[in-house]
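Once you scroll down, you'll see the structures, which are given as structure tokens.
There are two complexes below, and they share chain A, which is joined by chain B in the first and by chain C in the second.
Right, the complex of A and B next:
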């Protein structure tokens, strides 16, 4: 208790030097919590968006479908197994079909993925009911806002669409954009043209066929056995987790540099303290303080930087993080280039484990950094110290 | 008397506006026409040197190539110029297509959506290269009219696919009625929408065959002036080594 009071008084006595160290350390501390919170938020939001709009609680894929093999895509459709009928009728499962095609907005060709979804479905959070309209003899199609922007079309515009039907024959019709969908999920937007599944099946002559079945995110019942492979949400979002992990590793370099700067300041202060306070150390030893207690005292002084930094970071950081949590971080650039599902506005997620974990990590590193220069006090002779010498 | 006049006028209108119906009995059989075209076009094999002029929005590019073909099943072509494309090779075996690029030293199979990509920015897609159809077998051919095409007399032959799995549900070919060579072709989608046109603007005689010399391919759905294709030289029934039609030949 004595050394605790002594350490506190010494820190207080050091004045501006102490506060500078604490401030720098608090910035590093805050940056770590902020960045980790952002990555946690990014991962959780991406998975939530995918689950909500695209992947549900899982998907059944037809045998040939392999999203990583573009060569499989032309044949990635099959007759929907009857075993799915009860869940389809209950509204907890919906078929989706992918089919390759091309569109010619403004007479320029663009390869697209024609995607068919039942206009009555409620499994995926998409405005599919908007596709069920009469489009003056044109094929009614729905585009995402990114896709519409990239091909420069608006609601009501007409463009030619070409594809090869299930038998391999070319077909082409004019399609009318009946709705522009606003979604955070760029994977169902970029390069996609959505239409009613029945219509896609009709124009491709692939009756009752689909590429996958999406299971509702709230469905927890038994899943039927089928010759289509089942992929859970966890499997389907492995890419997102890997991507965030990779980005998080990249981010750790940034806060590693910040921490290194802060720890360097602590280290320097400790070295300077030992050098300037030799006579004080000698006096303390002459008064009966053991070397071990002296080491504890100086190490504690260093560790207290961490404690004060955590308190300071909480004082000015908590309101900042709270504000950030409320308003989110709106990305100033086209985040579709990230190649993953990301919302335009990212909301960080700070957990107790994150904050406590960061405090513990910072405290341990600060303590170790404080201890390293203090080790030499183990060989200190009180007579040398009183004369201002280091042995 | 008045009734006769009215009937006469109706008969005249029918003849004037539906010449196909009125003169149908004089036209040769559509199948026979296609066979005569094949006699000009089909050979055991061909070695062709050609020039392709791709008209872009701002400028045009000229690409020369040499191609070896055995029927419709196998073909091997190598680009000779410009320097950027020189050494690029393409191999087609039945409905499969591979391309070799010397800059990457890699052979890639063109499949899926890549088949729809244009070849060197032209109006021809890789898919067009993979089509191998015996027209007379795959389509029912009917002569539907006669017309002058660039001052040449031509029959209009309509080809309707006999099977559902053919690339084009309908084609329309204007055939020179003296030289038995196509002068123009239109290809239609299943919906009836016109997709592609080919205009043969110049023909030449090689080894007693009439053969297209200058063609213009046009993807009707795209903007642009189309792609010109010029046959610089062609030789029929040559000794083409079989090893040329292997993937290994692409890297040589």
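Right, the complex of A and C next:
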């Protein structure tokens, strides 16, 4: 308690030097919490969006389907097992079919993935009902906003669509864009042309076939056994977690550098402080302070930079982070075509564990940094210190 | 000289390694200092005054021989025990005052009491009393940088005396002061010596200081050459 009081008095007395260190450390604090909060938010939101619009609580895949093998895609469809019928009828499971095709907007060819979904489904948060309209004899299709922008089409535009049916015969018809879907999930948007599943089955002559079955996110009942492989949401979102982890590791380098700069300031202050206060140390020892208490005092002075930095960071950082948390970080549309699900507006998530963990980490590193130059006081002779020498 | 012996040195030798040789700062010093004495260690620079003061103050240890201060054998004390001895029983006054610059006058004086674990109320009373002894009550909230040399040394005296130690060691306490301030300081210490029966041991070569001493131990090249009681 005494050394706490003394350390506080010494820091207070050191004036501007103390405040500069505290300010630099507080920026490091804030940057770490902000970045980590951003990555946490990105991961959670991405998973939530995936769950909501695409993956549900999990998916059954037909035997051949392998999203990492494009060559398997032409054959990635199979007859929907009857075992799924009860859940389909209950509205907690819906089939989706992927089929390769090509479109010719403005007479340019573009390979696309034709995707069929039941227009009555409610499992995936997609406006599939918009596809169930009369399109003047054209095939009614729905595009995502990014896809529409990339091929420069709008609602009502018509383009030619080509595919090979289930028997391998080429077929082509004109398709009309009946709806432009706005979604945060770029994986169901970029390169995709959506249509009603029954229509896709019909034009490809693949009756009652699908690529996968998506299970509703709220479904917690028993899952049927089938010869289609089941993939849980956790498995399906492994890419997102890996991507965020990779980005987070990159971020670690940034805040590692930031922390190193802040710690360098603390280290430098400690070294300078020990050098300038040799005589004071001798006086303190003459007054009855032990070397161990002296080490504790100087280490504590360094550690207190961390404590004050946490307080300062809370004072000016909490309102900033709160504002950021409320408003989020809106990204330009083009940057979300990374091949991973990214929301248009990122909302950081600052958990208690994140803040406390950051404070503890910074405190430990500051304390170690403060202790390193102070160690040598263990050999300090009071007579040398009084003469302004270091033993 | 009083009966109770506060300091007892026997065949005290203090040697320092200098390059590949050994410099002997104190050569077989034997002396006794009793309670309540007002004694000066005098001699030219390099005669061993400060070294002897440091050994008696348990800031240093003898190379050989024995020094007993308040029944504690200095050569046998651990670092912690030595710190405890200084904390409880010894006050130091330095030539350059050695006040803690970031503390106020009152906080400087309060410092030894904090180390002793005194309560806030006790500290407050004792600091007020010590500042009254040296006549600096009005300047309690000032910083050392705002004080004159004489005032700074009076703060150092108050800091040394606040815990009412048995022994005060003063190393050239007037070396940085003018004559008027030197006399003022010495009179203050003389008064405290008389009122509190505190033993004062000075290291000095200042004639002004010597005239206040009741006993003068002269050192030359690390040896006691004269020990006279006035």
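Quick notes on this one:
Going forward, the second predicted complex is superposed on the first by the 388 of 391 C-alpha atoms of A that agree within 3 Å, B and C clash if a C-alpha of one lies under 4 Å from a C-alpha of the other, contacts with A are read in each partner's own complex, and residues count from 1 in each chain.
Following the convention adopted for this analysis, a contact is a pair of C-beta atoms (placed from the backbone, for glycine too) under 8 Å apart; a residue touches a chain by one contact, two chains touch by 3 or more.
Computed from a prediction, not measured in an experiment: that's the story for all the values here.
Once chain A of one complex is fitted onto chain A of the other, the partner contacts of A:279 are limited to chain C, with no touch recorded for chain B. Once the two complexes are overlaid on the shared chain, A:100 sits against chain B while remaining clear of chain C. Residue contacts after overlaying the shared chain place A:108 against chain B, while chain C stays out of touching range.
Contact with neither chain B nor chain C is seen for A:83 once the two complexes are overlaid on the shared chain. Of the two partner chains placed by the overlay, neither chain B nor chain C lies in contact with A:182. Of the two partner chains, neither chain B nor chain C is touched by A:364. Within the superposed three-chain model, A:74 lies in touch with chain B and out of touch with chain C [touch as defined at top]. In the superposition on chain A, A:320 contacts neither chain B nor chain C. With both structures placed on the common chain, the touch criterion links A:167 to chain B but leaves chain C unconnected. Chain B makes touch with chain A in their complex at residues 109, 111-114, 116-118, 161, 164-169, 187, 189-191, 193, 195, 219, 221-223. Against chain A, the residues of chain C that register as touching in their complex are 54, 57, 59-60, 79-80, 83-84, 86-88, 92, 94, 96, 98, 100-103, 107, 111-112, 114-117, 159. Every residue of chain A that touches chain B in the complex is listed here, in rising order: 70-71, 73-74, 100, 102, 104, 106-109, 111, 160, 162, 164-165, 167-173, 205.
Interface residues of chain A facing chain C in the complex, by the touch rule stated above, are 2, 5-6, 9-10, 12-14, 279-280, 282-283, 285-292, 381-383, 386.
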